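By letter and in written order, the chains are A, B and C; residue numbering begins at 1 in each of them.
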Amino acid sequence: MSLLSQIIQFTFSGLANGGTYILVALGLNIIYNATGIINFAQGEFAVFGSFIMITLCMAWGIPAPVAFPITVLALAGIGALFHRTAIAPLKKPSVITMVIITIGGSIFMRGVAMLIWGKYPQRLDPFIDAPPIRFMDAIIKWDTLLVLVIVALVVAALYWFFEKTVTGKAMRACAENREAALLMGINVDRIVLLSFALSAALGAVAGVVYTPGASMEYGRGPYFGLRGFEVAIIGGLGNSVGAVLAGILIGLFETFSAGFLSPTYKEAITLALLLLVLFVKPSGILGKAEVARLKDF
Amino acid sequence: MLKKRIITLGLLLALAAFAGSMVGCKAAKQAREKGTEAAKNIKEKVGGEAKGEAIKIGAIFSVTGKASFLGEPEKKTVEMLEEQINAAGGINGSPIDVIVYDDEGDEAKTQELAKKLIFEDEVVAIIGPSRSGNTMAIKDFMGQNKTVLISAAAAEAIVEPLNPWVFKTPQKDSYVARHLLQQMQDAGITKIAVLYGNEAFGQEGLKQIKAYAADHGVQIAAELAYEPAATEGDLETLLTKVKADASLQAAINWTILPAQSIVPKKMKELGIKIPLYQSHGFGNIKYVEAAGDAANGIIFAGGRLLVAHNLPDGDPQKKVLVDYKEAYESRFAEEVSTFGGHAYDALWIVVNAIKEAGTDKAAIRDAIENSTFIGTGGVFKFTPTDHNGLGMDSLSLLTVKNGSFALLEQ
Amino acid sequence: MDRFDWKPFAVLSVLLGYLFVFGKLYTLMLLTRAGMYCIVTIGMCLLVGYAGQVSIGHAAFYAIGGYTSAILTIRYGVPLWGGLVCAVALSCAVAFLIGIPTLRLRGHYLAMATLGFGVIVYSLIHSSIEFTGGSSGISGAPPLTLFGTNLAEDGGIFYFLFVWINVAVFMLLAGNIIRSRPGRALMSIHGNEEAANAAGVNTSAFKLKVFVLSAGMAAYAGFLYVHYDGFIGANSAELMLSVIFVAMVAVGGMANLWGTLCATVLLSLLPEFLRRTQKVKAADLPDFIHNSLGLSDTQIFKLIQKFQELDVLIYGLIIIVFMIFMPQGIFTGTADMFRTLARRVRAVRGKRRVSDAS
């Protein structure tokens, strides 16, 4: 197997992982923009999405194209519920309080997932059960391509939502200036609720595209969360274009460091990149001026 | 000024309190000893009259958590055995009471539970824990508190160096490694890749393979670790490396993670044709089912429990294996695994020792050191220096044929 | 400005003395572990509660302390005090190096950076098999001895005392820091960093100092842990432990040392309360459950197990409930609750009296 075909193989593996990270990071950004909160329970949304999809497809035998939107809607509901029960009752939340309460939420959701779906990893059948594409000795699964298409579609849909719809514009206005939005007659509370629902729905998509062919277990939330933070921060918190770029970057970096450096220390190497960015340029790879401009999206 | 004075005063007070308590301690300790002695006397008197007081045996398994696939069958096995033994009249007329706790795979919890069993429940011996790391966490503690521990975990380090109070029932990791390496030598394989899960089981396996590879003329060309949370893509990356090196003649995948099913599937997808060897962690039919077609032809070393019905009638273990397998499967409606077998062996060894030597902890220990027992893991022959009691012959080379386990034909 | 308050110390001493003489051995063992956590959370309380710098990576320092001492004493025959000095020194040095860039960050960025640091340390400990023993950990560390007494002997009642005297000393120390000039500086940082800076407080220096101090305390607790049972494993660096430490401070009411102490003890003992159900066996359940529900043994086994798995969920719930309903912490919160209750009772009585009179 030549170096080139290895690189092709790694690229596709990396992009597939990166796609999931992008979705988690976008979810984090939406909540961050609307409320200034980093939601440490974001990874748990992905786990719930994945498990609900597994239950619908594997246990109840609902075909994947039908189960997918049901899962996304269910998670939107869970997201809204999370906001109403854990976030909204707080009167004067400080950053520390918010960090701790969302961590509490993530632990709670993990406990619930464990109670409902048990401790064993659960499997989801591949979406497209066809022989993989062979290209120069590299093997590319149809599901990998599907993941990339879904991620691209979701990103495009978000763009449309934030640019063209009234609700999307209202959410942007809230992100820009809460008081001003309030004065313009925007129902800020509803917008915040909506952002939690949307963010959880994105988490569900992340969980669903991650699972086929692989498996899911209750304790995987922090893994998604951690990668999501990494992507969100490296892309610049609240910056969605940055998140897409950073997601691709992290996915590839992770796979190539495992492939060519050390699979054993992959985790440490990938996180060291996060610390480096935090220390050198906490505003993310796309500098400050651009952040302000691109914050829209 | 005030601050300094307060600090000094505080330190002085603390010192005084400490010194005072050290003196007080001795007194308290004596009082304590007297108390326990009195309690013991009462107990002995009562015990003498009311025959049939339950004999308490402790058990710690990872029933939930990452290692629940070990602990769950172990706990079930022990509960089933307890009923069977008590239905048959217990030990010399006294019923046994096995107190099972769950350590969730967390070492700090194992330590707490061992303490709880010894000091609160006052058990005569402990079986478990399920995992090697958890066993190591209480190895010294058991020695200090002079209570027998029969571990259901595999690592060599549990019995080497020897702690006079610690035994184990699973076959050693090194036996598995040597079986696999011997088979490779016979097949003329000299260059391999080792994939392993980056957790205790996989790491111990890597250690043993590295220790014995040279003896069998096998060279390890690549050590490839993957995290417990590894995605399909991550495993694909590792196997791409295996595929890229055309000089590799075989791969060992040593883990207890779901990766044992994903790796063979991925190898088939990627078109990697070299033979795949796996560890005794593969001894659960669920992994074979999950891997589907790709599982056929995998070579691994495991206990004979998996092929109990295919053993020749003369095999000394056959009756034990078939009986346990049938009892377990009819009761819990799920396939038996070797892990439950380790707990089966551990409990029986303790029970046999109590039958022979009574409930004195030191007597139990001595009785075990001089016992033999035909169990699910093999024929145990314990000695004061061998606290595992099993030989290389306790394992067989197994393979998967048409989706079920079979003995490998040499 | 607060004055030194001796009353809680008196209560603590009486309580400890009582437990030491009459407490059950197993209770003392559990409290010994809780005491070690207290040493960590007292430091965390200064950092998170008073200085307002959240850290989700303190288990890393706890593990660094434990591993350093274990490796030095077991492999290199270094005496215990040497292990202690190296453990605390290394942990402080790491905290210093990591603290300089990290503490420039604020809010969420700081939380992420410490989280990332914690996970890196865990992953390094976990993967360096040759050096740290990997997932199997290191065992065989010598027990702590003081004045020729093996403290871990006899179930470790001396260890209990030793740890809790340490806790008391650290409480004094922390109390002194808070009442002193640096303490006021810390609180001003929490309140408003810019204002503190403008008022001439060297905020970054203070933040760094308290970060290093808390790391040193965590390392000391790790040292106490490893020489108690002689073992340390990678679990001691896990993310969940760091989170639990933060939760203890939060439940204690953030800037409240005694509250943190109480919360730490209660949350450490929580798993033990939940464990009480574990003795229940499928066979112990009355027959009618087997018959009326029509469940197989395996199903009943699973059902019992479900109830034993609640501790994760309960941890999460406690954190949320406390943050929402008792942000002032378990101590002040409960006191407030009683006060409100008393007021209501009085009000009701008052009303009744009024209505009686009329």
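One rule holds for everything that comes next: a contact is a pair of C-beta atoms (placed from the backbone, for glycine too) under 8 Å apart; a residue touches a chain by one contact, two chains touch by 3 or more.
Bear in mind the structure is a predicted one, so any value in this text is a computation, not a measurement.
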Assign the assembly's chain-to-chain touch graph to one of these shapes: line, ring, star, complete, other. complete
Applying the document's contact definition, name the chain pair with more C-beta pairs in contact, A-C or A-B. A-C
Quick one: report the Å distance separating chain A from chain C, using the average Cα coordinate of each chain. 31
Measuring from the mean C-alpha position of chain A to the mean C-alpha position of chain B, what distance in angstrom results? 38
Which positions in chain C touch two or more other chains at once? 127, 309
Shared-contact residues (touching 2 or more other chains) in chain B: 64, 198, 225
In chain A, residues with contacts to at least two other chains: 119, 264, 267
Complex interface listing, chain B residues touching chain C: 3, 6-7, 10-11, 14, 17-18, 21-22, 24-25, 28-29, 31-32, 63-64, 75-76, 79, 83, 99-102, 106-109, 111-113, 115-116, 119-120, 132-133, 136-141, 144-145, 155, 157, 198-201, 203-204, 206-207, 225, 331-334
Contacts from chain A onto chain C in the complex sit at residues 38, 85-86, 89-90, 95-97, 99-101, 103-112, 114-115, 119, 222, 226, 229-230, 233, 237, 264-265, 267-268, 271-272, 274-275, 278-279, 282
Across the complex, what residues on chain B touch chain A? 64-66, 68-69, 198, 223-227, 229, 231-234, 236-238, 240-241, 243-244, 246, 258, 262, 269-271, 290
Inside the complex, what are the residues of chain C that reach chain B? 4, 13, 17, 20-21, 24-26, 29-30, 33, 126-127, 129, 134-137, 139-140, 143, 147, 149, 152-155, 157-158, 161-162, 165, 168-169, 172-173, 176, 179-180, 229-231, 233-236, 271-272, 275, 278-279, 281-283, 296-298, 301, 305, 308-309
Residues of chain A touching chain B in their complex? 1, 3, 6, 9-10, 13-14, 16-17, 119-121, 123, 132, 137-139, 141, 210, 213-215, 219-220, 223, 255, 258-259, 263-264, 266-267
